[in-house]
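So, here's a batch of structures to check.
Shared between the two complexes below is chain A, which pairs with chain B and chain C, respectively.
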Partner chain A sequence: MYKFVIKRILITIPVLIGVAFIIFTILAMTPGDPGRLILGPLAEESAVAQLNHELGYDRPFIVRFANFIGDIVLKLDFGTSYRSGEQVIRELGARLPYTITLALLSMLLGSIIGISLGVFSAIEQYSVFDQISRFLAMIFASIPNFWFGMMLIYIFALVFGLLPSYGVESWQSYILPVVSLSIGPMASLLRLSRTTMLETIRQDYVRTARAKGATKISVVVKHALKNALLPVITIMGMNFGRLLGGALITETVFSMPGVGMYVVSAIRNKDIPAVMGSTFILAALFSLIMLGVDLLYAYIDPRVKAKYMK
Partner chain B sequence: MSVAAWIAAKGTVFCLHGSNNRMQKDAQAVKRSEKVKLKWVFKAILMIAMLTMTMSGVLAGGAEEKSGDGDAVGAIEYPRKDRMVIALTSMPDSLLPINNSNGMNNRVMSAIMDTLWQAKREGGYEGRLAEKWEASEDGMTYTVYLRKGVTFHDGTDFNTATMKAWYEIIKDSASGKFFYSTYVDGLTIIDDYTLEYNLKVPLGDYFMNALANYSMIFSTEAYMKLGEDGLRKNPVGTGPYTLKEWSVDQIVLEANPDYWGGPPTKQEVVFKALPDASAAVLSAEAGEIDLMDYAPAASAKAIEENGKLDVRVVKAPSYQNGLIMVNLEAAPLDNHALRKAIAHAIDREFVVDVATEGTGIPNAQVLAPTVSGYDPDYTGLAYDPNAAKALLAEAGFPGGQGLPEISLMIYDGLTKQAEIIQENMRNIGITLKVEIVELNTWFERARSGDFMLNMLPWGVGTVGAAHMYLFHSDSIGTRGNYGKYSSPEVDDLLNKAMQETDRSKMIAFMQEANRIITEDAAFINVYTPAEVFVVNKAWDTDKVIQYFIPGMSPYYY
Partner chain C sequence: MMRTVGKKKQKKKYSLLKETWRRYKKSHTAMIGLVILAVFIFLSLIAGIIMPYENAIAQNRDARLQGPSSEHIFGTDAYGRDLFARILHGSRISLYIGLVTSFFTLLIGGILGASAGYYGGWIDNVIMRIVDLFMCIPFMLLALAIVAALGASMRNLLIAITIASIPGTVRYIRSTVLVITEQDFIEAARSYGANDFRIITRYILPNSMGPIIVSATMNISGMILSAAGLSFIGMGIQPPNPEWGSMLATAREYMRIAPYMLYFPGVAILLAALSFNLIGDGLRDALDPKLKD
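Right after this comes the complex of A and B.
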């Protein structure tokens, strides 16, 4: 088991370097340089060149990339932001908790509601309940995130004055963003768990369990659920990774100081260390989550566990 | 509530009734599965009932809160003099006024640090750290009389010694180098509160402009102690507010009771980043922020029409222009008659009404109304489709025949304007292609001359700015004159205006330059946008429009 884990972690390293290289290349090919962006479009060429030199931007591509990787490996230093002069790792550290909280809560809300509705829909296939929940899933999957967020703000913050319209000051501030962000995973998990559940309850062993006289509840929970949820767990892991970066829209609409806003503003300003540092950390986090999902898989499914124990 | 009870009762009866009609063993199984079904139905009904009851309770509570009770979210208290919340489009990243052109940074810095003087929107300057100033006859020496009794937030005195130290730091920085090395020979100290700027060339209004607005004075003692990185996060100035807290989602300033202009009216000013403009407008209407300046034109109009809200809209003329720049090296745009035809074909009123919801001012001169040299009686190359068609024929392209496609490069904020202009062109026979690019790309292509027409809101503040970029041949290349416009007459007039210390003479030069540049049609102005502020009715807003930048400074309330 441990060999498996170690191997997976080792594979992550070239993945991370590859991701870093791609992002670095894209940044190098896009227009604009930090000196110009900091000093403004009408600054003198010489001033811009001077600032670029001070920031180390005029060194060749490979040198900068090698320095970046070297700094991370040897000193765990993700660089210093061009604009604020702060350590990227510290700026990210201040912002990651908000994004992770938002992503985690949305994931939880979306999963609990989505999976339970999906499972019930599968059990009561073609019933009114099933029709309604499928319809809801379709609506939630189609609603644009930002529009839904704005509607929530309008209704709950402006019309009823119940909840804050922006920021992260209190736990109430998280309610609207979490609801707004959760409808995406909710819709996809609803459909997915419904489909997998439908397949599972058609299996022979389920029919056997029913024939044995097991109650519907116990059949669903004890026998079918675990099998039905296997693919769902993988998707949940991927969704969470997507939510980490994709919380950007929600963060922008609700003005939450998370990683999404930070990265976009860094990209706009060609703040290369900030972009590279953020991307690297997000990629590492995502790899970690996928590793966790794989391990969870092994834990839940005895067949997989047996394979890795060998 | 009774509805829920009725439903619950019905459900129970149904269950009980159902359980009466069953057979034996099979019936047991059927009974169990039906019970399961019913249990879920029952639970669902209960949930809906609970939800309905909560909602009705909540609605009633919400209505109460809305009627203006204390600190409930959404309620407004009058009068509010102790705390103001200002919305920015992004969090500031540096509060050091060196190498810092970011507008968000500027708004916060202007509350913490002072400049020597402040440009007024109606023209002229108001002294801040300088009480008086005099230009010598020849414009080569400026004597500045500093305000006495001013201290920095760290306790050090403000006097000519600190001014000189500040000057030494600024003049070699990347952002200050051009101005200081080109125009300033040195600084001479006369006494503790009087100094002289010795210039290399005579300068008029341009000198005043350069030292206003963006030349914020920070404590050099703090600079020595903390260095640039330290000052970036812990600015030390002479301003009405000091930095109290800077966290990841807000910047909090607190009042400086020893401010030379008297203690400020507010105890606290909070800056928050609300990047989404529409969401920020909602927050303003809900009373959660007090001031913002980036409301979309449609939202501003909606607020104005709905006078019952707790916010109002304040408009101030800006010094920017929605200016079309012509690349004189892109044939056939070197044809003067063609350019004038284009200028006459644009329906500026319509652009303003539709694209800016009426907040802008149609403008066919190249200078904005707030800029020296603007002449309200001069109509410029105004909208006249017949003249446009005649000029087009004169240019050798009657009805647009033989004219290749002309492209207009814009960034995505000008889409509506560009569409209208495209239609205007079509009416006289010109095919206009609109290219929408990202802002950085816009500048890269403009700098390299890869465009035919381009459009951007340009700011030409005072005569100094007009010289520095856009119209002077010195600005060709990266300094803003991307169309390579070069007119010796205009150069001469702009030089004279820049060096003229007599304000009325300077204005005369600029007026003449204005006419020549407008007639040359290498720059075609469409409109002057307005600065639109959405501000909570609790605040007095007259001062918002009194000064250019920072119109958002809490200093002015």
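Right after this comes the complex of A and C.
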């Protein structure tokens, strides 16, 4: 079992390097060079060239990439923002908590509501409840969440003045963003848990338990739920990636000072180090979540355990 | 309905298309999806005729920020442009984006995924390792980075969304093809000397079409939503082009005084994405052999 865990953890390292390479390559295609971007369009050619040389821009691609990775691994240095001159790592550090809070809360809300509705729908298949929740799931899967967020702002902030429409001053500021971000995972988890629950219910062992006289509820909770939710965990992990992507836009809509808004404005300003750093951090965060999900899944699923126990 | 090896005696005329359509028709939601899409397609086709493109981008100082009226069905925006015309022409843009990205994603992702699933071995390994790397980067982030690197335009938006969608498609097609390839009848075909090309075109492709079409249809809604999202933050279709997402970005600035600007583009995006989701769902139920009567 430990072999599996160690192997899985070690694989994360080349994965992160590979991800960094992809991002680095994409951003290397951005027109413009750092010297010009930092000093502005009116600066002297010689000054730009000198700054480029100092920053190592004229060195070959591989060398630049190696330096980039080296800086991150050895010094945790993501470079300096072109726009603000601050250390990217410091700016990210200040913003990461907001994004993580937003993502985690949305995941929590989406999962709890989505999975419970899905499970109940499966148990009461074809009922009115089932049809309504399937309909809702369809709608929520099709709503652009930035539009939903803006409608929430309009109703709750502008018309009724109940909740803040921007910023992160109080815990109430998180309500609207979290609700608007959670509908994506909610819809997908509702449909998924409904499907897996339906499949599980049809299994023979459930029928046996019912035949033995167990009530519907106890069958669900004791026998079916655990098996039905196993694939759901993996999908929850993958949904987290979509959530991080959605957070980019939600943070922009609600003006939250998180990594999402940072990366969007960094891209607009062609602030390459900031974009590199943010993208890398978000991808690394997602990889870690997937790592956790894989380990959790391996721990819970008795079939995986059996494979590795001798 | 597996097409197995060997010839079959023709008993009754059986058309998979007709049968699928018959089963598809049974679902109300699936039909609603089809109707909505038909309406969108119809509107896109006649958009140029009933509302010339100039109406969508012509600015009119005197008619700024007017609510819905008989003259401007959906009202006007901050530049006096008729919102109804903009929504109409926006539907052409969104449908175009959805179809083009879906086509290229299927083409490239299909070739890669099918190769990985069918040939296995080192081809599979290399392709899947690269796919795993790409899938560590959240979709929006990847598309955003690509648009940022190439510059915000329709062409680059299409490229970005296609590239960001390919990894997921490769994975899905690979698993579909893998399941079919491992079936006995493929081994049987190989054992009597059928070459790869024949096997792929006669057996693998027809049997994998179903799930692939379903997932491709549902992906279109995701692509439309992503395109709207990217345009919303300014990294997609640029104004004055009437893309629904960028219309919402402008609507945001005038939320207090002209809230009606918020409704129509959002509902349009919702309906477009919903139609593809419903159709994909209906197709899946219609093609699922387990649900046969």
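Throughout what follows, the second predicted complex is superposed on the first by the 278 of 310 C-alpha atoms of A that agree within 3 Å, B and C clash if a C-alpha of one lies under 4 Å from a C-alpha of the other, contacts with A are read in each partner's own complex, and residues count from 1 in each chain.
One rule holds in what follows: a residue touches a chain if its C-beta (ideal position, glycine included) is under 8 Å from a C-beta of that chain, and two chains touch if they have at least 3 such contacts.
Keep in mind it's a predicted model, so treat the numbers as computed, not measured.
J.: Thinking of the overlay built on chain A, is A:153 touched by chain B (first), by chain C (second), by both, or by neither?
T.: Both partners, chain B and chain C.
J.: Once the structures are superposed on A, label A:279 by its partner contacts, choosing first (chain B), second (chain C), both or neither.
T.: Second partner only.
J.: See if chain A has more residues touched by chain B or by chain C, and give me that chain.
T.: Between chain B and chain C, B touches the greater number of residues in chain A.
J.: In the overlay, answer first, second, both or neither for which of chain B and chain C A:94 touches.
T.: A:94 contacts chain B only, not chain C.
J.: Mind working out whether A:213 is in touch with chain B, chain C, both or neither, as first, second, both or neither?
T.: first
J.: Give one of first, second, both or neither to describe whether A:40 is in contact with chain B, with chain C, with both, or with none.
T.: After superposing on A, A:40 lies in contact with chain B but is clear of chain C.
J.: Mind working out whether A:31 is in touch with chain B, chain C, both or neither, as first, second, both or neither?
T.: The answer is both, since A:31 touches chain B and chain C.
J.: Going by the contact rule set out at the top, does A:257 touch chain B (first), chain C (second), both, or neither?
T.: After superposition on chain A, A:257 lies in contact with chain B alone.
J.: Considering only the contact definition stated at the top, list the common interface residues of chain A for chain B and chain C.
T.: Overlap of chain B and chain C footprints on chain A: residues 30-31, 146, 150, 153-154, 158, 252-253, 268, 270.
J.: State the interface residues of chain A toward chain C in the complex, per the touch definition above.
T.: Going through chain A, the ones touching chain C are 15-16, 18-19, 22-23, 26-31, 135, 138-139, 141-144, 146-148, 150-151, 153-154, 158, 241-242, 244-246, 248-249, 252-253, 263-264, 267-268, 270, 275, 279, 282-283, 286-287, 290.
J.: Note which residues of chain B are touching chain A in the complex, please.
T.: Touch residues, chain B against chain A: 29, 32-33, 36-37, 40, 44, 58-59, 62, 65-66, 72-75, 90-91, 93-94, 99-102, 174-175, 177-178, 228-229, 232-233, 247-250, 272-276, 278-280, 282-283, 285-286, 288, 438, 440-441, 443-444, 468-469, 477-480.
J.: In the complex of these two chains, what residues of chain A are touching chain B?
T.: Result: residues 30-32, 35-48, 50-51, 54, 81, 83-86, 94-95, 98, 120, 124, 129, 146, 149-150, 153-154, 157-168, 213, 215-217, 252-257, 261, 265, 268, 270 of chain A touch chain B.
J.: Any idea which chain C residues touch chain A in the complex?
T.: 29, 129, 132-142, 144-146, 148-151, 221, 225, 228-229, 232-235, 245, 248, 251-252, 255-256, 259, 262, 265-266, 269-271, 273-274, 277-278, 281
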